[in-house]
Structures are given as C-alpha cells and as structure tokens.
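Each chain gets a letter, A, B, C and D, in the order it is written, and its residues are counted from 1.
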Amino acid sequence: MTRSKIPVTILGATGVVGQRLLRRLADHPWFEVAHVAASERSAGKRYGDIPWRIPGARPSDFDDLILEEASPTQAFPPLVFSALDSGPARELEPAFASAGAVVCSNASAFRMETDVPLLIPEINAGALDLVKVQRASRGWTGAILCNPNCTTTILALALAPLHHAFGVEAVLMTSLQAASGAGHPGVPSLDLLGNVVPHIPGEEAKVEEELPKILGTPIATSALCHRVPVIEGHTEAVSVRLKGSPSPEQVREAFAAWRPDLDLPSAPRHPLMIHTAEDRPQPRLDAESGDGMAIHIGRLRPCPILGLKFTVLGSNTERGAAGGALLNAELAFSKGLLT
Amino acid sequence: MTRSKIPVTILGATGVVGQRLLRRLADHPWFEVAHVAASERSAGKRYGDIPWRIPGARPSDFDDLILEEASPTQAFPPLVFSALDSGPARELEPAFASAGAVVCSNASAFRMETDVPLLIPEINAGALDLVKVQRASRGWTGAILCNPNCTTTILALALAPLHHAFGVEAVLMTSLQAASGAGHPGVPSLDLLGNVVPHIPGEEAKVEEELPKILGTPIATSALCHRVPVIEGHTEAVSVRLKGSPSPEQVREAFAAWRPDLDLPSAPRHPLMIHTAEDRPQPRLDAESGDGMAIHIGRLRPCPILGLKFTVLGSNTERGAAGGALLNAELAFSKGLLT
Amino acid sequence: MTRSKIPVTILGATGVVGQRLLRRLADHPWFEVAHVAASERSAGKRYGDIPWRIPGARPSDFDDLILEEASPTQAFPPLVFSALDSGPARELEPAFASAGAVVCSNASAFRMETDVPLLIPEINAGALDLVKVQRASRGWTGAILCNPNCTTTILALALAPLHHAFGVEAVLMTSLQAASGAGHPGVPSLDLLGNVVPHIPGEEAKVEEELPKILGTPIATSALCHRVPVIEGHTEAVSVRLKGSPSPEQVREAFAAWRPDLDLPSAPRHPLMIHTAEDRPQPRLDAESGDGMAIHIGRLRPCPILGLKFTVLGSNTERGAAGGALLNAELAFSKGLLT
Amino acid sequence: MTRSKIPVTILGATGVVGQRLLRRLADHPWFEVAHVAASERSAGKRYGDIPWRIPGARPSDFDDLILEEASPTQAFPPLVFSALDSGPARELEPAFASAGAVVCSNASAFRMETDVPLLIPEINAGALDLVKVQRASRGWTGAILCNPNCTTTILALALAPLHHAFGVEAVLMTSLQAASGAGHPGVPSLDLLGNVVPHIPGEEAKVEEELPKILGTPIATSALCHRVPVIEGHTEAVSVRLKGSPSPEQVREAFAAWRPDLDLPSAPRHPLMIHTAEDRPQPRLDAESGDGMAIHIGRLRPCPILGLKFTVLGSNTERGAAGGALLNAELAFSKGLLT
C-alpha cells in the first residue's frame, strides 16, 4: 500500500455490491481499502473466509482484513462507501457523515433529500455543490453523496444527451431487470427460473422520482418494472417524447455528439455504446463489456405514441451500483472534497 | 371414432402448435382428427414415431395416423387447421380454401387481407360475416379464418372490455415473450439462457396493425417486443389512454362486467382472471392454469403518461395459437359455416 | 364435507410440499383436510391469504381455513401429514404420535430410527409392521411413518425391480436435482441461474443410508448430488452392479414384469414408465406427466465399470414428497392403522 | 502486423470456438491471424459484419478480413486452426496437411487415428513424436494435431496427476455440460430452459475411448453425459479407483505436487485450482476465471464404490476447445514443427 492513497471503508463489504467495490478498489490509483465492515453476524471474520460471489478469481489483497461491525469510530473516516440496505443506511450513514466522513452511498435512504446530491458525474457534477448546503443545515463535517437506483442510472445516462439536445417531455420505461439487482440471497430461484415477476417493491416510484431530480426539471415519468431470469444487466425498453420531435437520425447524432468531459479513473471513455445490430444490446453479451461502466443503446426507431423508442442496457451492479459509487468518490476527490 | 363428428386435418401437425391442437382435439365433442400433414421430410412416418415436445403424456389416439404431405386433395376437406409457417401458409391455405375447406389458420399470411376475418370470438364474432365477401371476391367454396398473433390476442382480450366501456385512444405495450412462441427449434439456447433478446422479427408491426383491425377502429398502438427465458406465457406491460380517464376502480368494474356470451366447448367460463396479489400474474404459475384459454390481468395502477397501466399474461401457444384456432373453428361450426 | 371421511391435519401447510398435499387432498375419497398448521408467524391467517406457489389455480376449498400453530391438542388427531423441516419435525412429530396421531412424515428427522417404517408402498409395505414395535418401545398410541428423501425414493423405485429379479450389489448415482427440492425460499436465484451447485447439504448421506434400509439389505451405495436450474423433477444417472450380470434386455424385462399389486387411490397404474427415445426422460417434459407418481426410466445401456447404466427421473415434490406421504397414509388406512 | 509472426488460418472462424480463437490470437506473441475461412454461405463477407456471439467487446483487429471458403491453396499454410464440424474436418484437414500445413484441430474426425497425436501439452507432450509416423505413412509435409473432446480434456487434466502418482484403474464420470459445447445454433432453447437432456450424441463414446489414449494405457472408463442449462463450463462428477487406495489427503498432495513444466504463452501458471469450499467449483463463478485455461477441482471425498470421488469443472470452449488447440500449436512451434 502506498501511504499517499486515501484509506477507505466499505460498509456492506460481504454483499454483491460490496465485493464489486472491493474488486474495483484492488488496483485503484487514489484509494486503498483500509476497513471492511458488515453486519454483527460477520464481524470478526477474516475477509478471506467469506464466500466470493461474483465471477472470476477473488482478489487476494483483502483476505487478511478482519470484518468490523459498522460504527463511525475514529478509525473509519474520511472516505466511506456504503453498500448497505436502506434500513441500516438510514441510521449509519448520518453517523459517519457527522463524524467527518464523506459517505458515497448506493442506498436509497437519502437520495431524495433536497440537500443531498443525487449524482451521475457525466450528467450533473454540479450537484456536488449541495454539500455546502448539507453541511450548513445538518452541522456535519462530512457529507452524504448518493448514486441513483440502478434502473434510474441507466435510464438517465440514455436520456441526458436527449435532454441536453432537445428536452425530454415524457418518458415511459419498461424494465427487464437482472437478479443481481436484488443482491444475495435476493430472489428465490423458485420465483425466477423460467419466470417473470412483474413487480419489484418500490422500484417504479424510485425511477419516477429520481429521474427528474437528476435531469433537474420535472419530467412526466412512468416506470413498469419486471424481474427476469438474467444474472447481470438491466434491459430497459424506453419510449420518449422529445421537444421538436427529432428524427431517429437526429437522435443518433445527439448521442454521438454527447462527450462528457470527465477525467476520472473509473469514467468510461465512451459512456454510450450505440448498437446497430437489430437484436442488440443483450445483457449476456453486452452488460459487462469493458468494465461495465458504459451503457448500451440500440433499436432506435419511431414510437407511434411518444415519438421515439429504443432499448438501453447497462450493468446494474457496476454502472448502477459499485462503479457508480466509486465514480462519485472520484469526482468528490477531484473537486477537493476529501481533503 | 363417431361417424357424426367432423373430420379435421392438421397442417403442421408435428410442431409445438400442431401438437397442442392434437391434444385439444383428442376428446373434442364436435371434431375428430382424420389427417395429419407435415413437411415432405416427415411424410410417410407414423405419428407415434414423431417426438412429442410438450409436457405431459402423449395422447395415444394419433399414434397410428400416417403423416401426409400437405396438399388439398379430396381427402382433406372440410375443416383444416393450419399451424404452418407464413411461407407455406401463403401457398397452401388458398389451395385448401379453393378446394372447399374452411381453413382455421394460425399463420400470419392472410391476417391483414380486408376480406379475411381476424377473429377472437369473445370480441368480434361478427367478423365471420366477411366470409361471404371472401367467397364472392375469390370464388372459393371454402374460406380462410385467422386468429391473431399470440401477443396481439392476449393484448386484445385485455383491451376489449376497456374499449367497450370507455374507448381506447392509445396503447403502448412492452412484451416479455416466451420461447415457445418461436416454435421448435426456434431460438438457440445460447441466445436465450440468462438473456433477453430485444427484438422479434416482424412482431411489433403485427401487434400494431392487427389490434386496430380486431377492435374495429384506428387506435394509436406502439409495441416493444422482447424474448425472455420463459418456456410458455407472454407477459405484457401495458399503458393505455382511455376516453374519460376512468379510475383503476372503474376499470376493475369494467373488467368484471365483461361477460361475453359464448357457448362453445373451448370457451373459458371466465376469459379474464383478475389478480390482486401485487406480484402476479406470473408465467410459470398462471399461464396454463385452467386449460390456458383465460388471460390474467394484474397490477392495475395509474400511469403518469397515459393514465392507466397494468400487466396482462396469457398462454401464447394455447389462447394465442392452438386454442384460438380451435375456438374459431367452433364458432364457425356453431354458425353453420361447416355444413 | 362428508362425515365419514377421515379428518386430517397438515403441518407445514404453507410450503411447496404442503400446498401439493392440499391439492392432492382436495378431492380425496378417504381423507378431508380439517386443520392447517404453520409457523407461529402465519398462525391466525386465512389460508386464502397465503401466496399459492405451485402452477395452476389454487383449490378454493381451503381458503377459509385458519392457520393454526402446530401443537398436538385434541383437535388435531388422528391423521397428520408433516411437511415440516427436520428441526421442528424432531420436536413436533413425537408429540403428535404420543397424542395418538398417525404422523405421515416427509421430514428426515426419524427416517433412520430402527423402529420407524421408511415406506414406499410398492416396495416394502411390510415395513408397516414396525409400528407395533414403535408403539411398544415408545409408549405411543399413534405412530410415525416416514417416506424417504425424494432422491432416494426415485432411485429405490428404479432399483426395486432389479433387486427383486437379480439382486443389487452396488449402485453409484449422480443426481441433477430441481430447485423445488429445497422449498421456498430455498436456493437463491443468483446461485442457480445458469449454474450448477455441486453440493446439497446432507443429501448424499441420506441416499447412501436410506436406500439399504428400504431394500432391506446392505448395498454399497455412492451418491453424488447436484442442484441444477430445473424447477421440478430430479434426474439421476445410475450405474449398478447386479448379480449375474444380466443384459440390458433382461433388465428391460425385469422392469416390465414388476407389477406391484397396490390398490390405493394415489397409486399409479404403472409406477415405472420405460422410455425408448434416446434423449428421454427429461424433467420439463416428463416429471409431472400423469400426476407425478410414476418414475421414468430411459437410456438403459451397459456400463464398462458396474455393468449397467440408465437414467431415472421422478417428480421430487410429488412422488418424492407430497404424493409419497399420501400414499403411505393410504396404505396405513387400508391396513386398519387409522381406526 | 509484425512480419516475424507466424501467419495463421482459422477454419470455422464464425462459430463460437472460432471467435474464441480469434480473441486469443488478437495479441498473441508468436502468431497472427492472416486468413479466416468459413462455409460457402459466409465466404466473401467482411468479418466485421458477422455477429459476435461471445461476451465482451469484439476485437476490432479482424473487422476488415474477408471470409474465404476453406480450401488448401498456397495462401493458407503453414499453421491452420480447425474449428470445423467433424464432417467437413474429415475432408478438409487432410487436404491442408497434405498441402504442408500443420493443422491444430478441435474436431473429432482424426482423434483416434493411431498416427495422430491426441495432445494435452501438460500431460503427453511426447505424443508430438507421432508426427514423424504420420508424415511417413501418409506422405504429408504438414500434419494433423488434435486436442481431445472438451469433456475428455477436463477429465484428463484432473486424472493425470493421479495416474502419475498412483495409477488410475477405473473411472466413472457423469457430466453436466454447458450449451456452448454444442455451438450455435446448437441446442434449441425449448429443449434446455429449465431442463436436463440426458443424452449428447457420441459424447460418451468419445470420453471412453479418448481418455485411455491420452493417459497412454487401457483404463476402464464409463461416461454418462448430460446437457444442462448452463452457458459455459462443463461440470463433471468423478468416481475413480486408484492403485493403492490413497486417502483424500494423499490425493490432495498429489494434485499439489503436479507442476507440469510448460513454458508456453497460453499455459496457465496453475493448471489445477483446488477448491476447499464445499459448494465449489461452480460453472458461473469459476469456469472462466483467469483466462479459462485452468481446471477446478473440489469436493474430494471417499467413494463407497470406487474409493475416491470429486468434482472437476473447466471451460469447455477455452481449455476444452479454442485454448486447447492454441496450446497445441504453441507446443508444436516450441518444438520446431512449424519451421
């Protein structure tokens, strides 16, 4: 470990998102994992004795870390990643922020608070300024920064270029979401093998309220969410009404012209991959291509109701969770928030 | 075999839809299978030597039938079920109709011809009157009757009560379709295991053009079709704009009030099953309940864009194919068309 | 309810096996469901408010039953089906048996006790005589009767005719087991979608110790158990060494000659279905054919190591659980044990 | 392209194995792809217009290559990879070998010929000497080198250390094989979703005859092969009788002691990964870890019939096909066979 790296803490280090965070941090140029925390049940165990639940070899760097119980002692700050469920997040994240930590949270607990940035760095890096408001109003020395829900993140990345170029008036999104979005144990195999579950508790409301906050304007949004027997990668069928009714060709140009200027270690060179094969993108083939930080758009065509329809796909646990939280931390660091 | 039953011919008897037709006809009160036809490659084989590809024991009644090559000889009329692909259907169905057979077709070849009934007996039984026009214009003694595409059928059954009660102005439907809809061999397992294919050739156009023909009025329709790793049962996420913007409760009442008066052997007592559990209907649990002729509706809720959204599920190979064709034949018989 | 039917109690009525038991009992000629019991958490709820987790429509007969907490009060005897997990079974089943109930148990808790019948009526109906020993040694007026583990049951039904005709000397069985065998929630979908889990806790030992008890003689048995992404139906690849090294043809004859004389309502007419197609039996197509009480055998061929190999498939939740327990109860009733 | 690299030809370049070969060759230190060949149907197309069917981004290096019809013209030698089916391989591979090419073949056509090396470099590199015999007897200036069937390769790698340390007397192997082993389109999804197919044409015979040829001695071998709904990675449940009946601990030591000395670019540093978690290895998590060239062994335990049982898993399309063929080519090059 290089001494000059920022030590970080992972809350919820044993779950699917926590493990993806660890893998991303194994060779990170700015951050190094100093603490791993989990529930009381796992506290005290060697990290190397925890089952590794994501494909590929386990990074050996963390085997000798000892799982701690999440608690904002002096040991933990200044940078904390929270891969906690909403319940524990509601209690623990403010405690860490109050103790001086910048908490990059994947949980939904504080996303809709008016003084909390709901960040996708390519889209609304300026929302980071809310930290000043947050600190003033709450008296914290740290802060909470949230990445959106995985489904929202993928949708917002597809809509941002269109909102920038034309203005989005209404969006109707039907999702086909992967099992990994529910974590482990998550959805029982009896419910998902060869099946579709047409309901994901709370998901539709999250998309409908988070999207306008990210794009910074009220937008009529309707989400219809489904769980499908896919391991990784949320597919979203999107119909959208744009100002001025641009053609699919103009939309294609708007996607191509959208080049967010983001020089961060985890930022993908091309956050949008445009597919022309009529049966792509597909979660098994495309979701984790590259390192899972790009989203994939295809099947651009006119919609008889709203004007334009297309498919967008992204990695729910990388771009939609672990990688999204990390990118937020990198943005915070680059803006001097961690020093 | 009882002499008084109508002898029927099955074209495409070895496929998934053909086998479901045979199973439905094994004990039918009005019809009895006299001929089974398939491609040149299978002609001459005992039916009992053909692999049985649907769950459950093979009905033994048909084991000794010999597969014939489809050809409208004298032997085949008067009632023919066509489970052919569109290409062969385009050629063979007119030949049979010209030779005097009433062809109940599951193929798409003639669905959109203006003189061909596109029938769902609960919805538009009156379309049978087109047969007179068809015979006059084409000089046939027989006729072609079509059931709609499986996805359209399920959607139309859900919308008919709403169209009757309120008027449907616009409908946006995203499908999650089962593998059985593509027949056997159909979709390769490498393309579908743990995956979503966001494209089904021709499917979206079929839904968008067939639905208005069935409901008898132009309706703005947008379909977004996906193949998912499910064996049987198409799930459809529907958003709809209704005249007068009725509440979900009024919609629920309209569904309950819709009691088509159809006294046919394959007609379900309750063609609509309304689910209140928020995670139903599901294809594995509900698609084939009963004998697969009812459709299942759930998750009625307001849509911020079009007013109302809900989930509808149905058996694509039963209600959407084999059972649909059989119901059409029963309607034709009850109206004196087969005598 | 007909007064002359025997009232029965279902312990574990909300699980997958409990629901299959209820469905089997909805029209049973001898038994009628009087009590449904479940964990403390569900006690007091209407049965109709419990999610129905097996395909097909929910039988309406039980909707108004109120779930009770399992406890051997006077209300419960004389016939009890236990679909409990092993832990609660170890405590509750003796309490019911002591209170006078005949407990037909699907749990593993007491299977290997020397005074407990481990029953498959077609194979070892005589084991019912152990009840006398059991009552004498334990001072019970009721009794515990066990059906074997699902994997063992399917294997034993395939081996019994061979053991009867030739004598089984050694058997090596590799299983590919369905998710339903682990109940609900059971195996997380993240562990099973597109995957194989090469370990099922305790399963291999159960097969290796239960099989000799059922066949009534020590037999070298090796089990290698796997969970595969199948909903229902355990497939077992079996190699067996038989006395006298009979040919596959002689084995086929022994299977055909095995006609257990069992006149019970749930006994299948042909408990063994022999398949000749080289790619059958398959769980999706065959496991639940009929009512899931027959087992399916195919791919009989020589084994270079042990002499004979074949595939056997059966419904783990019907023949291997709910139907097996019910058949045991029917045997007990027919032998006068319930009166 | 560096001029000093050996130009290679891929026969069957559009299939799953062909694409994995291309990906492996994109940055190879010794070889560079010069020709891609496929069936007459694809000849003349740009490679970049062929669908890419394996996960991850398509390597752009080959987009401008034009698919040629496979034919042993002067253009093709000296190094040819054959990912052909057995039928075309039987005809084309000798033509290329006769024209002077060293053909590294994944096809089964010539594997059992006595003068053809059936090579796994870690196990029987010496078999390369057969090339002299082959050239002498057939009058070829080139040669055919075969890698074994995917299932055999994985089994042989697990058994080689045991054969070396103790001697293998008998092996019974039950496979749970992935869909990718059948290529694309391969197994229809209707046959494999939520299902097991207990038969893979020709597979059991291949394992039973190839294994003894690789290990260099007659060994009683019994294979029971199944297709399961897994994308990649064959799981094999193995029971083995070893000379001297070593304990699982001695077996573990033999695995650890086996360090083949192979300094080739595609050779894994540790060809055997030994798992101690009782539910590992699993295809989804382990098959492609590293670059798919190691095999994974777990669940070492006593077998009541043959003495020892364990699970072995490997990537069927990498170690069992594309990577295996490439490793053979590297061995041939390192031994001077390509110059």
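Everything below uses one rule, namely that a contact is a pair of C-beta atoms (placed from the backbone, for glycine too) under 8 Å apart; a residue touches a chain by one contact, two chains touch by 3 or more.
This is a predicted model, so every value here is computed, not measured.
Comparing chain pairs B-C and C-D by the number of C-beta pairs in contact, the larger count belongs to C-D. The equivalent interface to A-B, defined as the listed pair sharing over half of its contact pairs by residue number with it, is C-D out of C-D, A-C or A-D. Taking the mean of the C-alpha atoms as each chain's centre, chain C and chain D sit 42 Å apart. Distance between chain B and chain D, defined via averaged C-alpha coordinates, is recorded as 46 Å. Residues of chain D found to touch two or more other chains are 53, 191, 193-194, 229-231, 284-285. On the side of chain B, the complex with chain A involves touching residues 170-172, 174, 176, 191, 193-199, 208, 220-222, 224, 226, 228-231, 235, 237, 239, 278-285, 298-299, 303-306, 309, 311, 313. Of all the residues in chain B, the ones that touch chain D in their complex are 16, 53, 179-180, 183-194, 229-231. Chain contact summary for the complex, chain C toward chain B: residues 51-57, 193-194, 231, 277, 284-286, 288-290.
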